[in-house]
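The same subunit A turns up in both complexes below, where it pairs with subunit B and then with subunit C.
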Partner chain A sequence: MSSDGEDYYYEDDYDEGSMDQDSPVSEGMSEPDIVYDVMSPTADEPAPKKPYDVSYKVRTLQEIINMQSKEVRKIQTLLEMPASTATILLRHYQWNSEKLQEQFWNDPAAALLSAGLSPPVSPSTRTGPLPPSPSLLISPRRPTRSSHNPALSPVKRSRAPQPSGPFECPVCCMEFAKEDVVKETFALGCRHRFCRGCWAEYLTGKIRSEGESSRIQCMESGCERIVREEIIDELVPAGVSKRYHNLLNMAFVADAPNLRWCPHPDCEYIIECTQAPPRMLNQLVPTVECNCGRQLCFGCGYLSSHRPVLCKIVRLWERKCADDSETANWLQANTKECSKCQSTIEKNGGCNHMTCKKCKYEFCWVCMGPWSEHGTSWYQCNRFDEKSGVNARDAQAKSRASLERYLHYFNRWANHEHSAKLDAEFYKNTEKKMEQMQNSGNLSWIEVQFAKQAVETVIKARITLKWSYCMAFYLKRNNMTELFEDNQRDLERAVENLGFALEQNIEPDSIAQLRQDITNQTAYVQKRHEILMDDTLKGYLERRWDFSVDI
Partner chain B sequence: MSDARLRRVQKEIRDCAKDKTSQISLEMIDENPFHLIGAFPGPPDTPYEGGYYEVDIVVPDAYPFQPVKMKFITKVYHPNISSASGAICLDILKDAWSPVLTLKSTLISLQSLLCDPVPNDPQDAEVAKHFLTDRQSFNATAKHWAQAYAQAPARKQAQVSGKVATDAEMAGLSEESVKGFTEMGFPREKVIQVLKRLNYRGNVVNTMPMDTVMEALLS
Partner chain C sequence: MALRLSTKRLMKELKDIQEKGTPAGIIPLSTESVDEWVFLICVLGDETIYKGEQFALRLIFSDRYPIDCPQVTFIADDQYQPPLHPHVYSNGHICASIFGNEWSPVLTAVSICITMQSMLASNKKKERYV
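Presenting the complex of A and B:
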């Protein structure tokens, strides 16, 4: 268990002024094997893999298209069929090629039929090709198909199998002269013929308005014949065709358990990860970082990291917060009264260490208690005092205690989210100031990077802290949770201290001192952050956590 | 393609007028080919027999690629038709629509829907419950509705309580059940509304706790 006496506690560790201002701070730390190179722009390089991290790759759309082609070629070869047939089968079986092969070898005709394809015309070619391509279908053929597969044509009236005279499109009632039929009309293998204009309009509606792709069927009522990719490309305008292929790719990614689109707006990358199937999500929080530079959860598609909380608990929490939002709204208010002089205090940075401008009273924004108490070992800002709940006798007091318990955690959860936003805004102003100093003074680019690193560190840590309160809400209390809360408190205190330091005015003559201070504190926050992550995420693998809900 | 829509609907109206065997009628409202009234007789051997059913038809802009919009103008007591609005729950009016389906073929489908209700996919949950609980009572109510709203001729066996069906009969409730509660002082209208909602018919009358009914009546 950590306490204030521990040797990596930075206040004991760094000594202002004694360090070489240009060197990184690592020599001051108690663990020499960890180098806190926060100054270097390369500090973001991936750390060695932890047992709770997942391996993943960030894919481009082209790579996703290639993956599909590869699967198609595999099935094409194995089952000796044209690529278009293999594609339709794979899409029908949601790209599960094992299931497809099993069902195909078991009953080829049934597999083809269920995918919206008629089985081979000739009974001798077991894996023969599809009925010929559309252009061939226009030439006269024996009307045999419907006798093979009555299931394919539950249609009341049967249309002329081939155009022997003029043709009236049954959808638009336009008549086509005999010599125009080949050029102006079209029928799939089921030989339900319509004019090309109607086909184009029908397919465009399916693609544009209904977002359909791999399951678009023949226009005839009850006919389940699938319209193939090449045919759609031929019949619809280029823009619609492009949309259609997008939808096909989206369906491929949606069907593949090891793929997920990056959920961030305007990002076209796809994450591939085989180590986080749904059944693993009760012990793994698969946070990944996309090539667009943003984080997401591979498990549930959440738009940022929600470590250390399991996906399922995030869902429960979000539902609870939505249900209880009205009760909790007041907590997010941006102004509070100083508990000493009652003047209104507005929060502008993300730091929770507040100083009343009027009376100089220092207090904690979250619990409104004096800040001085937050520096001692009995700091209790992160821990809900369960005793009041346990002692409550009547139902009303119990339900109030339960609401208070929720509000305790929600307040801290919401506050870190809010603070992270404020920190980001605050940094923009600082950045401008630093640029000015860089332009006017002797400071180099590298020397002004410390604030950027520090803000990024604070924001990341706040996101983890935020979720740690959601985790604490669902954790059953035992000695494991005490350790968890100690780690949470230590990280929180480190973050608040760094946040406070960042909000100090930056002046050219004090910048060297400030840089040293902030650099050291940044390193410490990173270390505390890692300790909390390590403890909680390894705790899942070791089955150390006990939740009040079923995971 | 709006030319195509007009050409197609006009042809459908012509074809329907020519066809004397199907008994389906199709008429424009104010000469507007995209807003019509369709009508057909209730199918024989159903409680709807003898009734005449009118349907409001709106042909959407994207017709025939989008399904036609239909709802009953005539009030119908049927699990898949809203007893209040006439809205219809039928697959071909939604995702099973095909551009080759016509106004006439859709009206024929509505006619067969009257023969074969699908209570598991109801439009009107109260009516569907009635249908599943007590078929005989359901048929009687549907027949009362056909007589009251669809001009079906009243038959002898339906005239137990005079020429016009009572409000209890129209709601598919037994007079005995309704009386039981009006005698306690609850207004008749409220009693009928509550018992209808609770599906107070058939075996439910014997199994439902009195408290449940009282609670609903008092709320």
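Presenting the complex of A and C:
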């Protein structure tokens, strides 16, 4: 490090200020031993319970930060570079250390250059040595742009270099006396010097308004040098620095395929799962439970479990349900246009002799021809069997059948969705009943917990049932689908029966009977639920399901 | 820092213009205001398709100039028309990278004018963006 040249990427070591240089030895000792590898599962994960379950870990933000330091230390040791350089390289290669190593060994200079660790653009700074003595740190900035584009060089660059004179910040034009230069101004390894106030203003803008983190460059026009983490921390106020680190961590989680933020509001946990990469999502539904107690899908970030349906089908279904195209389908199936004024008409009864309300045009609903041509054959269109008429009828029937099919599944899906929304009320009612039972039936608190358990079972089963209708909509008709629908029907019936039992009024003399009944039915629903889930999810692994869409 | 980050810097830029003048083809038209300057821009030489034409470039400076890029447009009114250029809209809006992610606080009003001038000079076809 005594001179630049080969190891110019150490240059930022000469940035003045009291930044700590990372020492690999001391850091390595102080860090807890967390096993982390981007591509392989962590060693202490418990074995999955079912073949279709995924193992995962819920991580805290601190653990995510430790993961990053661990990766940094690995690269730091392997490539023999300071931690800050390793960090910038890793961020540039989106934490893919294999790719980074490959590219680095291939062409170190190009790898560093592309990561913004370039040597200074100006030839003048490259030829001379870069001694770390403070006297040279106050050397004025040299024009960098002028070498390629004289037109862009700002006017004030014409000032001759004065190694130890006063300094004028080229951004705000404040003057700094010779003795204040080190204290009040700052330059990166590229030696583009600005006052600290302007740096703070610039960095704050980048972080606060533009949400940038890992790719903030030097203020100089055309200079691609990345501003290092420690420097940003030193130059900006604490609040901005906190936001900056949040952004860095968000980028790290977003870049890592095995990490996902818990999508629930106010939850700061991160799920780590190595068993559900995107290519596996055509046979896995990686539902996981965060430490906040709520479920999510690791595959697509859906806010609750959407088992047993694949992420892709869920996406298709949600789009279909939200889409206006269904309105269009309905119009197509149920209406026709007046052949004169094109108003949309729904025929809701009556004979085929139509009179348009808008333009008073009279026509036949069957053949859409003018009524006058029908002569005396009222109420019985004699053109009915003409080929064009038959075709039109077929198209309309098909469209109507497809709409009916969709509505069949959608209504059932929406019904369960609606019931799930009434969860809170269901809980409250049941709690009231549990109190009532404790008062009138002389049951203890523990003895009435069966009701709460029953409600939970019903709610869980309803969510699965809801998604099972989405699944059925996309399944092709075959024997497997019939088996699926049998399981679905059994669960549906069991859930309805249990729901009914839970709604019953409590009579003091029948409490024991009711309790027995509900407990039995709860166990039955749980069993049916298990069967449906088990069979469907195993079906993906065994490739039993045949969908009408590509998965 | 001064009350307005931009004030001292603009004063300095103005002083530079008054002392050293502006490059050929760039004429300061109104630089009295502290938040809005107008320059006249012509492309010199015989090669250019804008020969003999003159455009008015308006720069509006925010309080955060030069950290934030000024708002730069060609004036489109009865007196001035924006140039016919693939990166200039008919209302005078300009699509250029230095007003976006390539903005640097060391760039000045004059260097913006020079960039606009060279953007016009390198154009060979009179086409509108929209």
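The rule is simple: the second predicted complex is superposed on the first by the 370 of 551 C-alpha atoms of A that agree within 3 Å, B and C clash if a C-alpha of one lies under 4 Å from a C-alpha of the other, contacts with A are read in each partner's own complex, and residues count from 1 in each chain.
Basically, a contact is a pair of C-beta atoms (placed from the backbone, for glycine too) under 8 Å apart; a residue touches a chain by one contact, two chains touch by 3 or more.
As the structure is a prediction and not an experimental result, all values here were calculated from the model.
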_Tell me the contact category for A:A83 with respect to subunit B and subunit C: first, second, both or neither._
neither
*What is the contact status of A:G222 with respect to subunit B (first) and subunit C (second): first, second, both, or neither?*
both
*Using the superposition on chain A described above, determine whether A:C198 touches subunit B (first), subunit C (second), both, or neither.*
both
*Which holds for A:L483: it touches subunit B only (first), subunit C only (second), both, or neither?*
neither
*Return the chain, subunit B or subunit C, that is in touch with more residues of subunit A.*
C
*asked:* According to the stated criteria, A:C321 is in contact with first (subunit B), second (subunit C), both, or neither; which is it?
replied: neither
*Figure out whether A:C172 sits in contact with subunit B (first) or subunit C (second), or with both, or with neither.*
both
*Of the residues on subunit A, which ones does subunit B touch that subunit C also touches?*
170-174, 194, 197-198, 201-202, 205, 219-223
*Which subunit A residues qualify as touching subunit C in the complex?*
151-156, 170-174, 192, 194, 197-198, 201-202, 205, 219-223
_Applying the document's contact rule, which stretches of subunit B touch subunit A when the two form their complex?_
1, 4, 7-8, 11, 62, 64-66, 92, 96, 98-101
*Would you mind writing out the residues of subunit A in touch with subunit B in their complex?*
170-174, 194, 197-198, 201-202, 205, 219-223
*Quick one: in the complex, what on subunit C touches subunit A?*
1-2, 5, 8-9, 11-13, 16, 20, 64, 66-68, 98, 102, 104-108, 110-111, 114-115, 117-118
